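In the two complexes below, chain A is the common chain; its partner is chain B in one and chain C in the other.
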Partner chain A sequence: MRLEPQQGERIDRSHEVSFTFHGASVRGFEGDTLASALYAEGQRIFSRSFKYHRPRGLLCCRGTCPNCMVQVDGTPNVRACVTPIREGASVEAQNVWGSLDHDLLAITDKIGGPFTPVGFYYRTMIRPRRAWPLYEKFLRNVAGLGKVDKHAGRASRYDVEHRHAEVLVIGGGESGQAAAREAAAEGRHTVLVDNGPDPIELEGVETIQGTALGTFEGGLVPVDAGLVLYRFRAGHVVVAAGAVEQPLLFPGNDLVGVVLPEAVRRLVGRWSLRPGTRAVVISADDGGLDTLPYLERAGTEIAEVVDLRETRVHEIAAQGRGGRLASVELDGLKVGCDLLVVSGGRQPAYALLAHAGARVEYDDGRGIFVPTDLPPGIEVVGPAAGETGDAAIPAATYNGAAKKGKCFVCICEDVTDKDVKRAIAEGFDSIELAKRYTTVTMGPCQGKLCHVPSIRLYARENETDEATIGTTTARPPWQPVELGLLAGRPHEPAQRTAIHHRHKELGAKMMWTGSWRRPHSYGDPAAEAKNVHDSLGVIDVSTLGKLIVSGPDSAAFLERLYPNRFGDMKAGRIRYGVLNSDAGRIMDDGTLARLSEEDFYVTTTSTGAGAVVEWFEWWNAIWRMDVEIVNVTGALAAVNVAGPNARELMTRLTDLDVSNDAFMYLDAKHAHVAGAPSLLLRIGFVGELGYEIHFPSPYGEHVWNEILAKGADLGVKPFGLEPQRILRLEKMHILVGQDTDSESNVLEASMPWIAKLDKDDFVGKWSLEHVLERGFREQLVGFEMENGVVPAEGGQIVIDGRPGGRVTSARWSNQLDRAIGMAWVPPNLAEEDAELTIKVDGSVEKARVRLRPFFDPEGEHLRT
Partner chain B sequence: MSHLDFLSPDLAADDAVWRSPLERALAHAPEGVEDLTRTAVFEVRGDVDGLEGEVVRLTPERAYVLCPFEEAGRVRMRLTGAGRVVVDASAGWAGLRVHGETLMHRLTDLDLNALPALGALAHVRALVIRDEGDSFRLYFAQEYGHSVAEAVIDAAEGLA
Partner chain C sequence: MSFLLPCPNCGPRPVDEFTCTGEVTVRPKSDPTLRDLTDYLYFKNNVAGVQREWWCHRLGCEAWFTADRDTRTNEVLSVEVPAKK
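Showing the complex of A and B:
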């Protein structure tokens, strides 16, 4: 029932809004929250508690406690007390087995205590291990807060917005508003963030309704504004987060009808609701006493008022019926009531300051923790700084000697004073360890209501003081936040070649290589590989890293970086290069074409471009050579045409003389190809006569289309990454990262010819010399399976029943009609025709070592 | 052809078909999102004082020079010399024009009052330039172009 209309109420009685609660229609007014509308209809129990399934009602009415968390339109853990009423919303209570009034699992409250003490989940349901799936199913059904529909799509659209402010004020109370006004008056761009229910308007100040979730390095403050997460970067942060009303610890302190002062102020003042018919007020500060005019206005009979600053009370015990408050005993004096307003004083909300690195000290004169030693750029004002007024320090608990019910330290996690005492008795006397063991402060209120009371209790039980106990580490988020909001929009940047869409139109199955999207194949990898051998294939190799290395010292620079020689290369020639780390390990590989006396064109692996550019620039910064390195990876599309008909195709695409005499193997030439200015590299990763064409990426589709059109009668067909891997394996060309790892070097990878150890120096030379001195520990070799079975990549080479090596690559080759691969083996097995045994699907299969390429070992196809 | 001509898209024959990497993503773009990919961009190393065109200076000896695609040949010629290394990066960049500070706030954490700047835009490194009012030009690696365009359109739809 509503009170008569009153001044200042925030409901519009002329505008009704309806929603459903467990299917039943509920009507409220515009301006109501879900909780106030339900309360007006007589609802007093809003949820069941986390562990004991005790009835819980409104406690704080300001979005702090967990008592009114409900499921709204499938979204769990919505705080009904601060969520505006919405037409048509479907609201359900959570953590309920049965109904709110009759919860089957409330039996745990009656008999579960001995079986479910603090930390029971660390000790029970762990044996026998095979029963865990059953335990898990049971636990997942009875535990947790709310239900998430795993198959539901995104319920809401969440966006992230990056903002900058000179001054960011967190909290729109009196002190926050004053700080914002002052900053704005100084002409600074000022933003005020406030999570109160009423919009704030201040001249010259931008205000945002939202909750600051934390303060991070560099003045980063994320603000939860419902469907938008603001990521503020502020030059100066003013924390005016206020103070949090604290509960008192006594038996029955969780009964429905026990409330904090703000609940009374909001129920009466905002929504014109009577919070109870007969009230007792127990307060350590002015907070509880401030509710008296509200109670009078609501017509609530005030049965007893206890100001703890003036009256010492030793025992408080609340008793109830059906989980609802019926009476309170104050040092043995029983007072009937259905409303108990308690205030244990106000604790400064220092968490945001602690996130930023501020220290927190205990003020033993006032019984609160206050922030000190603020980091630069952070300021605190108002109650958050400790201006919380005159208050008595409450007792750790008001338990009497007689057992009168559970006394909750943490209502989120259902942790009682008995649990805390037990944890201490078990040796968890450090507040940080006890937090993890008992889970006090780890629930939805994030310690707002239980942190200080638990420290006080710890101090008493350990016979020490609060300053010695100290606080636990404050970590973001300060207020629970939806994961969807943190995730933002689901964008994962992908690199696409200029020909990407043509591949899809041609039916390519796409795959990820690093962040690149590449065609795995166009349907039949084996047929695509065969077509390269028989006639003509074309593959998009735009993903190769591509660098221009330019300057008078470019040749000398590359000589120092690579183990092989480049100083003696003529312009227009190409060499293969393997890049070493300074520890002599293989980093990357590619080709280097000399374009002129001072210019080189360097290609890298598809995923290696970034690392190679950094490596080059790092060494250039050290050596201070006259060299510029420019990454042109994205600027150039590249395709490789390969196969016996490749030369004929090239004659149709360019005016360049592509005869074998004019354009030799490992030559680099400039020409227009299909009208696009291009660099042509005659190389052959796939083992057949081939040309790599590099040209400006906007012409990617044009050149690709021209190749397919002009080569149609030559049998040209696109091929993907998988057939390329078959073809390169036939040639025993390594894939860095697949056939090598972070320990591989060029000597043991069977490429000793590439290391010119007679050069003065190069990166990794010392390490390679060391490898020669110590001798080889393993070697990379090819192998052919004897029975045609293809072993798994990563499979074991077995020697005398023990692992002795590993398979790095393996494929079936139609061209060779056998299963082939590469593997790291002990040096004594790195001999032609040596027998290997390889584990395949649990059995052991035989293979023969091959040291030369499986296909065209003399390279005649490449040079033809 | 000279040894770096293969980097210059403006040197293609007239019948070579130039296509923007944003073309497909922008097929249903909201009003106000404009494809600027057909812009010439040169990366200049060395003496970058007094360069012609729109110059975005990255370091004392490093700058991007932007100009209309049709003027690429003339600008390239004027940039060359004085011991500078000039690399035609036109084909490596895609560009977009967008409007609105809120849209930009949803795409980048750059301070919009401190542009031009290089920074993350839709999780991709980008050069962001502010023109008059709330008009912004965004340049980014063309291979990420489709992804960025999708993110821009999505963000714009969120504000519609």
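Showing the complex of A and C:
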């Protein structure tokens, strides 16, 4: 039912659009919203209310109230009144048990009153305790609005965009546009954000259709523009957010047919719809009166107009039939009507200012809260500043003595004036506490329609004034926002080594280590480990952090950073180093190769590179020594070849003399490997003769391929991280972060030889000395299980029935034919052969302490 | 925490680009008493006011610098890159 075409209407009658509502086809026009098209087809009830399942219809028509929230194509809580019509959309009502017209849970409205008062869920459904799972299931089902489709795929992509503006104007009304025009005329880069339905065009101003969600420090304003979240940094923010039309509190104020003025203006003016046949207007300001010409145009009979500035009304009561307005009683005078336009004045939308730190003050002359004491960099203009025109202060409620139905303070959460009174009677006299108890202002409108009326009611019931009651803290977001928009597009940085694709081709099972992707194994970790012991394995260790530290002070610098000694190291030698914090805690470990008098090549753990570079740079910002630190982690790839056949392989790949005498254990040498300029480190993390080859990343696949080709007859096979973990555990080599935590130090981690306490100073020295003074509290030891069961990592060491330690690593070793591991134990148990009892799956298993590497304790394999 | 921090090299940048290691402390000279050591390691002044802090522009120029920041307002009064000795 549309009116005759009229000037200014926003619908294009030549362009039909159709969608479905509960499966039935609905036709509207281009320019309609979902709500206006449904309204044109006679739909008046749009949802059922939160608690009492009362029928609700269009109230604000501007995206503020919860009444028209529907499910659109699986997305819940879409406000139909501001969502443009879309061909083929599937729309369904929310919070409905049964149908919109006959809701089964509406029974709570009839009989639930005494049983479901404010906070009932804190008091009822508690006993018997055993029944709680049933209660919970029921409550979970009835609580909340809308349904999230757990199986829905990602239908839309959200993005985040960082933007800058010299001046950001929020709100595109008259005052907002004026402010934007003025700023642009001054030549300042100006952006205007408006959430109105019509696009705005202003000379020299960029306009964005979206909603500012809040203002944060540093001029940060997130703007919700549908599928894009703009993170605006603004030099100057102008808030022109306008004012929000306020409802009046009287029995039946939620009936379908009770509307705020803007609903009339939009229904008639934009969509040529008749909002009712017979109307009553009750207005505290010009807002209600402004609708009169619209009502006339729509042919709505105007039965009664009450201007609260001129007429005092004590009682208002609306009566309905089937949830729809039928009549209204004004001080006992009954007027039949199907439309009641109410306006309780306009409240400045100060939330964005309050986020920024502005104060809010009650203006008792006008009955509104106005922003004051604005922080620098933010400005307010127009109605948001308090320019809301002449208005009467409405009564807290227009309840009569007789019971004439529920009077809603908060329509989002179905809180009545009685509920508020009850909360006060129970002692919730502070507005912040009462808010949390009654949930007034905590619904979808976020207080836009209930904040001021509830404060007014609090003031009256507490026999004080609104200024004393004060406001609750305004917090972002100012408008509801989809969680997807806040999450943005998932950006999970993944680092791949230069050899990544070869691993994939070889069937590697990949895993995360920090942001790196690494092969867990190539299918059979035990066989891969065995191959290293028996013949030859190759592992991609490009993920190791790699730094070059050079300069005249480099040796002295590293000596100050590490507990180790490096000054006496000859060029071409390697040492294992453990990095400590000044509190003596282990931060990272790796190898340090002295390349020349002034140059060191430092490796770190795979995840530690960034932190180590930062740590080095920080200390040097303090010490200001003559060193340069360069992070070459990404520039260099690295592989480790290990196993009895490693030397034979190396002779095939390089001209360098790799005989044991020429290239000893812990030597570092430059050479070409398979043609690639490389740094060779003879080290053995996995316990067999091994060479770590570092070379420019672009050679990654080439060197890898050459190793596999030239070593084919030597039995070379790639091995992943899991077999490496078995192998290193056989050698009792620690993994920082696995065997150590933020409390561990090198002394208790059984590496006392690392800490050269006779050095003058190093980072962590004093704390380590203190550890010696106070004595050890625990110690890291190896253990082997007596019956071969592998305990869980993190498992408990049990001493006299109580937890006394913990397992940090445990694996089955085929090589040793034993279950082995490492654990933190009390110092008195840190003795060879001491007996440990370890909890494994509820039972307790025996283990023996081992202090020396399980495999090749003398390191003969490494030195051959 | 969304304020802008003026990096001495890059100018004002969002604070999430930086690492902060807290207030500038004085490392005790040598052989500190346990009390001096724990004071240095664990006890911060934590002033409500201006304090000097270490910051690193981690996602930018990677420089370490000190900033005088008012902890109440997050206003940064000055920044300084330590001079080379």
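Going forward, the second predicted complex is superposed on the first by the 856 of 864 C-alpha atoms of A that agree within 3 Å, B and C clash if a C-alpha of one lies under 4 Å from a C-alpha of the other, contacts with A are read in each partner's own complex, and residues count from 1 in each chain.
Rule of thumb we're sticking to: contacts are C-beta pairs under 8 Å (C-beta built on N, C-alpha and C of every residue); 3 or more make two chains touch, one makes a residue touch a chain.
Just so it is clear, the structure is predicted and the values come from calculations on it, not from any experiment.
In the superposition on chain A, contact of A:770 is made with chain C only, not with chain B.
Legend: residue contacts after superposition of the two complexes on their common chain; A:573 is shown touching neither chain B nor chain C.
Contacts of A:565 after superposition on the shared chain: neither chain B nor chain C is touched.
Judged by the touch definition given at the top, the superposed model places A:218 against chain C, while chain B stays out of reach.
In the superposition on chain A, no contact is made by A:509 with either chain B or chain C.
For chain A, the partner that touches more of its residues is B, with chain B and chain C as the two candidates.
In the superposition on chain A, contact of A:622 is made with chain C only, not with chain B.
In the superposition on chain A, A:694 makes contact with chain B only, not with chain C.
In the superposition on chain A, contact is made by A:233 with both chain B and chain C.
Touch criterion not met for A:297: it reaches neither chain B nor chain C. Residues 233 of chain A are contacted both by chain B in one complex and by chain C in the other. Residues 1-4, 14-15, 19, 21, 27-28, 30-32, 34, 37, 40-42, 54, 56, 58, 62, 64-65, 74, 81-85 of chain C are the ones touching chain A in the complex. Chain B makes touch with chain A in their complex at residues 1-9, 11-21, 24, 37, 43, 45, 85, 87-93, 102, 105-106, 108-113, 122-124, 141-148, 150-151, 154-155, 158.
Listed in rising order, the residues of chain A touching chain B in the complex are 157, 159-164, 231, 233, 489, 491-498, 500-501, 516, 542, 548, 550-551, 571, 595-596, 599, 628, 630, 632-636, 670-672, 674-679, 694-703.
The touching residues of chain A, counted against chain C in their complex, run 216-220, 233, 582-583, 613-614, 617-618, 621-622, 624-625, 760-761, 766-767, 770.
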